[in-house]
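The same chain A turns up in both complexes below, where it pairs with chain B and then with chain C.
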Partner chain A sequence: MTNVGIQVKQISKHYRHKDALKGVSLNFAPGKIYGLLGRNGAGKSTLLNIIANRIFPSSGDITFDGVTLNNNDQALGQCYLMSEVNLYPDGDRLERLFKNTELFYGSFDYDYAHRLARKFELDLHQKFGKLSTGYRSIFKLIVALASPARYVFFDEPVLGLDANHRELFYRELVDNYAKTNRTFVISTHLIEEIAAMVEHVFIIKSGELIVDDEVEHLLSQGYLITGTKADVQVYCQGMKVLGHENLGSLYGCYVLLGDDTLPTPPANITTERLDLQRLFVQLTNIDEEELDA
Partner chain B sequence: MLFNFDSTDPIYTQVAEQVEAAILTQTYHEGQQIPSTTEISKYFHINPATVLKGFNLLVAKGLVEKKRGVGMFVSPGAYQRLIDHRRNEFYQLKIRPLIKEAQRLHFSEAALLDLIKRGFETND
Partner chain C sequence: MKSKTMRVTTYFFKRMLRQILYGLGVVLAIILFSWLLSNRDTEFFANFKIQFGALIGFFAMFVALTPYADFKLLIQNGVSRRTFWLGRTIALVVINLLGQILDMILGFFKIGTPVAENSAAWQLYGRFFQSASLNWLIWAVLVLVGSTVTVLLASVVGSCFSLLTKRVRRYVFLALAAAFFLGIRLIAMVMTGDAVVHFAIWLRNIIYFLIGGTPNVGAGHFNPTVPFISLLVLCSAALVASYYVTQQFKIKNE
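== the complex of A and B ==
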């Protein structure tokens, strides 16, 4: 039972001048929506490309329902990676590209793909090379949603999409999830837009996995404590401090509680919960004092 | 529907809160069907499991009930139950913070009572 899903085990990827991933281990279970977050260059795309067998790890292994994913066509047919890279020949018409997807994945929901194309106002008689950045993303999103893969990975899915199209995509994604109960993994910088959709979040920082948690649990741990510096420091004693802010004599401290609960604050202290984006920024910030030193 | 997810409270409590607010204003009458988890999750891009968790809070409070294969409905007596429930919470959630803020602003007890009286008088 514990082997079900995709298990990433101690994956490392070294380039000549950089360790892109350093021993990352995580699991994707069936039927969940995951967020994969990290700053630019943190290693998110590297990880997704390794899962999709587009590049190979320096060490480590990935299994699909307990069987290695490497060169495992049957398992790879259950994984779809939508990414910035354009894998399609510029001269091919969009309709034809649907067929190619069907050939690789064994089936393809043409009706659904056409419905989506109408909603996004995408003309399927066009050639891929003629599409704008936004419509390239839209086309790839449609292919991903209409593919039969049980695990669909989105690497920057809304690149170049306007607010209306982003909204439409999120609705269609949730609708698709409610109907198919597949696993979706979303890697994006627009954290606020996906925060409520995502059940579990992974945060990668400089090639290392620093957060592997249910969103609700993670958010119950992060607080901003404000007051005078002396008061805040007394109150925050023993807590894990992520960062702080100074605004005149007002002092703010970002803390992560672990599994403790926040002690009742005295009158001179205010506490507030953080949303996913603010917590992410604090967790992945480079220590400014370290840079100044 | 007037859902407005802008606080940092857990989303599932906000879902429950919003449905309660609609029952309290009698936008959702007793016996009326409320939107399905899929409708709400799709419309607001919220994970269906989160919406369901919010609905379960409402079921536990006896405010809505599930009719198998049909959907969720506002329970008979939900309006009164909700009022009783809110009354029990009123002191902790509303009065305590009100007094705390009044003290910060150096209002005396008499001055605060005067303000409350004024609020009642101008209420139409």
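== the complex of A and C ==
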């Protein structure tokens, strides 16, 4: 079985007081940009850490091109996880860490890494431990982009980065994707910033996968229906309502259509497509009933 | 050996060698400083004897005690636990053996300490065979296997502690210290009179068995067979244990 990508099969992770993941199954195919979204504590980092073999799942399996990923050097050598956690030795200089990446991954694009370092104004003679939070993120982003890994996972990649550096990173990521056609998985809270580049989205809520869809398809299903409360409620009958809110004298209802098409609205009703962030917020809001329970 | 295992082993070898040389440098600096404090006593170095092999083994043991930092870096770089363990163990054992062999060579050429005559293994088994070269060979094998076991056991201990969080590690240290003192106190309380004598005899017999001697055989003529086999068994057990514990390593949130 070749080029199947990474298959996550029924992964669960239990901690003493919490089920971090509950039977999550999903696929990362080659040559795509994925968004892995979820609120704080939803289980995104846990999932990425399990994929990178940093921690173990309580049950389930992860395969890379059909072969288990656990203790599999060949598969692990095709994955790079850039995360908030700092696993590099504080005392090592950045140039040495580049060399280590080359040593373990078999190759490393030094020219590209140096070019990126100049763009981000990162001094490569420094020790990793001396870097600020933002520059640690930048260093890890550079390693991720210049490494030969076919699957690159970013867990909160822009932590501590200012707006200019974030913009620069997104540009470089898209450019790198266009040139290498690698798979990138981005897990972030800044959904608006990545919405334009993500092709497929996974949304995790309380350890469960609730959305596994192409972004375009998902966005074609989410609408905000506004009008008077009575009109909106009549119009939205039979639709999957994600949430509602009062907008001054108007009433708004967030709906997800499934594969149906939106019926032509009457004149007193307006419909508006939702962007990824607003759809995400509605999908992952905790229901009032849940809170009461 | 697979190329990745080779690369990981080379990495560990260089890194450990650097750490050990740094440690040796500190020791030499202390010696030099002591010499300067002694008003550059001309007799200072004439009486000075240093065993590089023992020092290298000592520092290798310390390196073996701290595997978690290496694990973090390697798992970040897509290296499996199996390859991490293999590369690290090979590098540790090779560095330790090179240190011991260096000591033997220096001893052979009468540079530094005449290692064999001063070592415990030589004192116990150095005259067991009629042939001097056979005695020397057995001594060398015992020293090499013995030091390897020490390094591997340190690796097992370090790996076990790496599984624990900082806080739990502190509690374990305290618990071990308390258990040690309480254990001694308990033995002292329980054992009186004959019991102490019986225990001492039992302990002496066990020790004699493990080191291959009997009370009526003089030191130097002890039989090296049992200690050699014991060391090999211990070596295998340490290898299995360190592999098993390493397989449980995971990134901690601390």
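Here is the rule we use: the second predicted complex is superposed on the first by the 283 of 293 C-alpha atoms of A that agree within 3 Å, B and C clash if a C-alpha of one lies under 4 Å from a C-alpha of the other, contacts with A are read in each partner's own complex, and residues count from 1 in each chain.
Simple rule for what comes next: a contact is a pair of C-beta atoms (placed from the backbone, for glycine too) under 8 Å apart; a residue touches a chain by one contact, two chains touch by 3 or more.
The model shown is predicted, which means the values in this text are computed figures rather than measured ones.
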- Message: Contacts for A:146 in the overlay, against chain B (first) and chain C (second): which applies, first, second, both or neither?
- Response: neither
- Query: Touch check for A:273: first (chain B), second (chain C), both, or neither?
  - Reply: first
- Check whether A:175 is in contact with chain B, with chain C, with both or with neither, and answer first, second, both or neither. first
- Which partner does A:47 reach: the first (chain B), the second (chain C), both, or neither? neither
- Which holds for A:239: it touches chain B only (first), chain C only (second), both, or neither? neither
- Contacts of A:20 with chain B and chain C, given as first, second, both or neither: neither
- After lining up the shared chain so the two structures overlap, which partner does A:199 touch, if you call chain B first and chain C second: first, second, both or neither? first
- Message: Considering only the contact definition stated at the top, list the common interface residues of chain A for chain B and chain C.
- Response: none
- Message: Applying the document's contact rule, which stretches of chain C touch chain A when the two form their complex?
- Response: 2-4, 7-8, 10-11, 69, 72-83, 247, 250-251, 253
- Item | Parts of chain B lying in touch with chain A, wherever the complex brings them together | 5, 8-12, 37-38, 41-50, 100
- chain C partner contacts - residues on chain A that touch it in the complex: 49, 52-56, 70-73, 76-81, 85, 87-89, 100-101, 103-106, 149
- Item | Interface residues, chain A side, partner chain B - complex | 33, 170-171, 173-175, 177-178, 193-194, 196-199, 216, 219-220, 267, 272-275
